[in-house]
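Quick notes on the structure that follows.
Think of it as A, B, C, D, E and F in the order they're written, each chain with its own count starting at 1.
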């Protein structure tokens, strides 16, 4: 197999792969969303795609085209949907999209469909879409299974301490912070401008949401915490920890043999 | 005003209230969901309605009829939607329902619409519905605002330590546990059977979801942790803490004067 | 069984009940709607829930949480949706809600789903939702059945003459009139203020609808006829007649044994 | 104007008409539904179109293309949707269709949109669609109005007595009965075969609906009463009464001048 | 069978026909759309219905009620949806309508459903609706098939040369041109006013679409080319060629025996 | 501006660009679809993205993340949706997606939204979505405009003759043929395997569609014509012709100054 990214694979190789008894497709999901002055709009899509690629290498899976647009950015996790640079889908569209794409892969014969989420706000809508897709597939006689996972949920305590020696304050303020910036410095360094990193204290988020959104509620920078401590080395720690834990979970859950995919 | 519950108020009293400059309606949202062998299916609706009632007393608001049906129960927070006793709505229906109800209240003249959530899985769908309702209202010239809050997000650290002297393990395993049972012992003691409380260790939840759901993943009891330490006294601590913090947040956010609603 | 209302029942008792060969759930549906100056907004929900409770006692059924919000009030039967105090759902939401709730009960094993309607305008939308739910269930192999009924359709001629000795003018003008007020005087007397009952002649309704609604078309009181002749005694006559006739219909249609539900 | 039917009018004549201050379009709505062995499937569409044509002549209105497909036939008014020959739309499609068509006419400049219904089951769904169309038009600045009417609601008592000298038993059993057959004998005699008219007693309809439908509940003939007393003369009485009353209602409600439309 | 148009057939004759092993229903689809100053708004519906009628005679099929409203007129094929006289459906409604109507015919037992399109813009939406209807029917065990065809795609080269001896410039500019006008002169001559035919050069259409539509982009006449060379004789050539080719395609594809439908 | 692809741009640079009076975003739309044994599944997305990039360089526009999933592949233009390797969206999802993305860009301040289509079957659904997005934006006071174009519609006659010296047989059979293969040889040569190019005659396509699809109708290879004459040089001819013509059309239609976007 010349690539784990199925957009780069021809239909014959694809058909051959799908017929395997452990055929697995990973669908990375991101967003088009501002990530502060130092990172590009495509961070969530780039990271979920890159991690999916590494996970596919480990588990013998293929990677579907990334979902580049995600659910509306929310102030408590991403700065808010009102910001220039953030272009989102509504709930109904995201639900239908994952439902149709997952159902299509199952109908074509994939035994496992894995959705690897890279944008916090997507999760519940991906859940609904997968739930509907699998219910329909079951009714049509399929035995395919689906797994939904967000990559940051697989960072272990030890890695957290190494990456945040100053103390970890929660995933909710990591939008545009150390986690994402470190991974970008590792995977797409040419798209990060550390000279522009903000240096303000972590955002103090409310425990509720207000409509219409109040732009004054989150930092003008668009970052919920500072990325000044981000480094590519920390990115490597995170990437290793995440792909290892994701691979272990999929291996156990789906009985993936973890053999590498070979070119036919 | 003879009651804070608007189903018990006549249209004239209601109209008089709505014309106030700080008219506020609180919409409690729950679910119909199994809560173990010791509590009834309506826990989420009962608790959100009761807390909304107390919050309304504090802030001079009215309470709308509770949403008795919620989004699908998920294994990582409620045991799962496959369990007998759990009857849920899909995403689209819940989104439309809150959108239409909130928009109607704003169109009738309410200055503030507060959604008080009592079922974890509802949150993102309530968010989408409120976002759409407020966007439409804004376009139609309304200046009404909306707030979305889940009551457990307002339990402070000190109360947590008092209620969970043995150590707090996270909201995700509180389904059917000490929090909900203590509140029910306080508010609806006749519906709790402490002799049936389970005594198994907290559920070890995965950091991902699998479709179709694997029933073996969560305890057969339907509780994600034991409620054996629940007491009405702890329920009182929780209720006081939550209503106080909710009231403070609304007071600050919406400039509510906190005067009591008077019978006309 | 400690209660016929399933929100008050635990999951184990519920599961035990559902496994019966005649397990039946009654879903009461009402509205949040102005009912004149003398009655509260929740009349339709309260009455359908109360009648469902009595019907459940008779037939050994359970009662699901009431639908508190209904389809838009229409001028020819409820005064109109423009009135302050009336908060409604659109057709699509109501259809989806009953479809999903009914389908869920059938999937859990209920042999019979009964929808007991208490708001005139709901009927056709409940019909559509039930029709879709049963069609899906049939296709999935279920043999469950559903029944849709509005309670006033079960008042017999003799009772009509007793309740309306002055002459019965039709159900369409009974919004806020003798029927509903008598039942409320019987079931929730503390929520009725007979000193505020209007005393105008019955509304003269057109035989067509106009959009946008013309508020001048229906009485400013919100009542389509006067409730001055309402009494709790008439409420008892109505309640007895209705529950008896409903029970007979269900007994014949669904072969319900009418034995009382026992506490386990 | 060469015709009142707008499908037969050219765009220039149409544009000229729409610019009038009382421009009115009547949309007839029917169904494709079995009407017993003696009448064709298109009765509802044919009658609503014909009556709309006569009403247009009276009021100076135009007639839009008829809706040939209607909401599902129901056992209590049309025999049921399971019968061969009955092809129906679901609620959502019918609502969207009338909403879009009515909104388009209002956007093009019609001052009045009249929906003339000829299939009982359509009414509530037409109501919802018109309600949404007019709400949108209002928000876009339009002052157009809409009226919804079913033609049989305009038969007066005196006509009823003349048409049903044997006694009138209610509109619900008139499916395939004297009303529709008489009108068809007048308007489309070549499509009626009186030698095939059934002669069974009126159907005894239940006061509730059952799902799935029980075909044994309604007569195998598909008629809910016998049309043996139908005559073209009675059809003429009905047509005169209905068009006269409809015209009077529109004249009063919409201030139509009732001048005849002239060919330009 | 007294007629090939099923609205003119009674339910018994219909049922008898449907039980045939080659039962076929043709659904003609048109639009309500301006066709220049010389032709009426109903051209697309009239032509598709008339051609469907002739095709039914040839193939022993029945014709369903025509879809009188179509998808939005587009500037590159029909002048544009902004023109007065053009009343259209959105994509969702048209998709749902054909899906429900086609699925209903298949459920009733038709072996073949043919959609004969007469409005260019409809095609892709009819495709989606048929695709969904057939997928559902397959899943429910049906073996019915569907065919989608636009009548102008069946004009052969030789006929084109005869009808357009001056040179054929493409179907896209035929809106209100020689094709449609010739067919109307043949089939509905009383609705064509050749004295009003425009005489401007063919519209020069762009190879892209612009939103909002620019009315200056297409001729003010509403015709994309002149119909001055239209004649009933050319209409006959077209009608013969089209019905012959359509019949041949259906005969081959669906194994229709082409025997004429007989009156029972 | 460091890149024309907005996923690679930070929010500040993006905001600065959007405030220009000619700010333009190009949304490329493709599909995930088999393209024969010699090309990968992502051809449509890759080509539309690459052409959009070149067009952006010419016109000073930005390029939004490509739509990697498109409408169902159809037999008459892409081989059909039943083929392994083809994963598609339904009409409703694609319509909603382009509607929401385009509306978001307009709300953020883009003066022009250009959709550059690279998958034939997408066009009508993109049209509907753009039509709705622009209608909403207009109603909200925006003056933004949108353009919809498919790149192959901009190949001029002269280029056609150079690229197809053997004769051009129509765009419909170019799926996996000379056009796409030549462009891929130019833009992504590492993903093309010319040794696997099929050498069968062009597919003979029917002038209608059949449901369910008949796989025997199109070549087993998945290509509708042979790409044996494809070369990178022909790809260059096509790319130059297309970007030049697209640029000219946008320049004229949108008054784009065609100055290059500068890095800030």
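Definition applied: contacts are C-beta pairs under 8 Å (C-beta built on N, C-alpha and C of every residue); 3 or more make two chains touch, one makes a residue touch a chain.
All of these numbers come straight from a predicted model, not from anything done at the bench.
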Intersection of the contact lists for chain D and chain E: none
Fewest touching-chain hops separating chain A from chain C: 2
Centroid comparison with chain D (C-alpha atoms), farthest chain: A
B-C compared against C-D, more contacting pairs: B-C
CA centroid of chain B to CA centroid of chain D, Å: 47
Inter-centroid spacing, chain D versus chain A (mean Cα positions, whole Å): 55
Chain centre separation in whole Å, for chain B relative to chain A (CA means): 30
Of all residues in chain C, the ones touching two or more other chains: 90, 92
Chain order around the ring, beginning at chain A and proceeding next to chain B: A, B, C, D, E, F
For the chain B and chain C complex, residues of the former touching the latter: 6-12, 14-15, 18, 32, 34-42, 45-46, 64-66, 68-69, 83-85, 87-90, 92-93, 96-97, 100-101, 104-105, 108-109, 191, 193, 196, 222
List of chain A residues in touch with chain B within their complex: 71-72, 74, 81, 90-92, 95, 121, 123-125, 127-128, 130-135, 138, 145-150, 153-154, 206-212, 249, 253
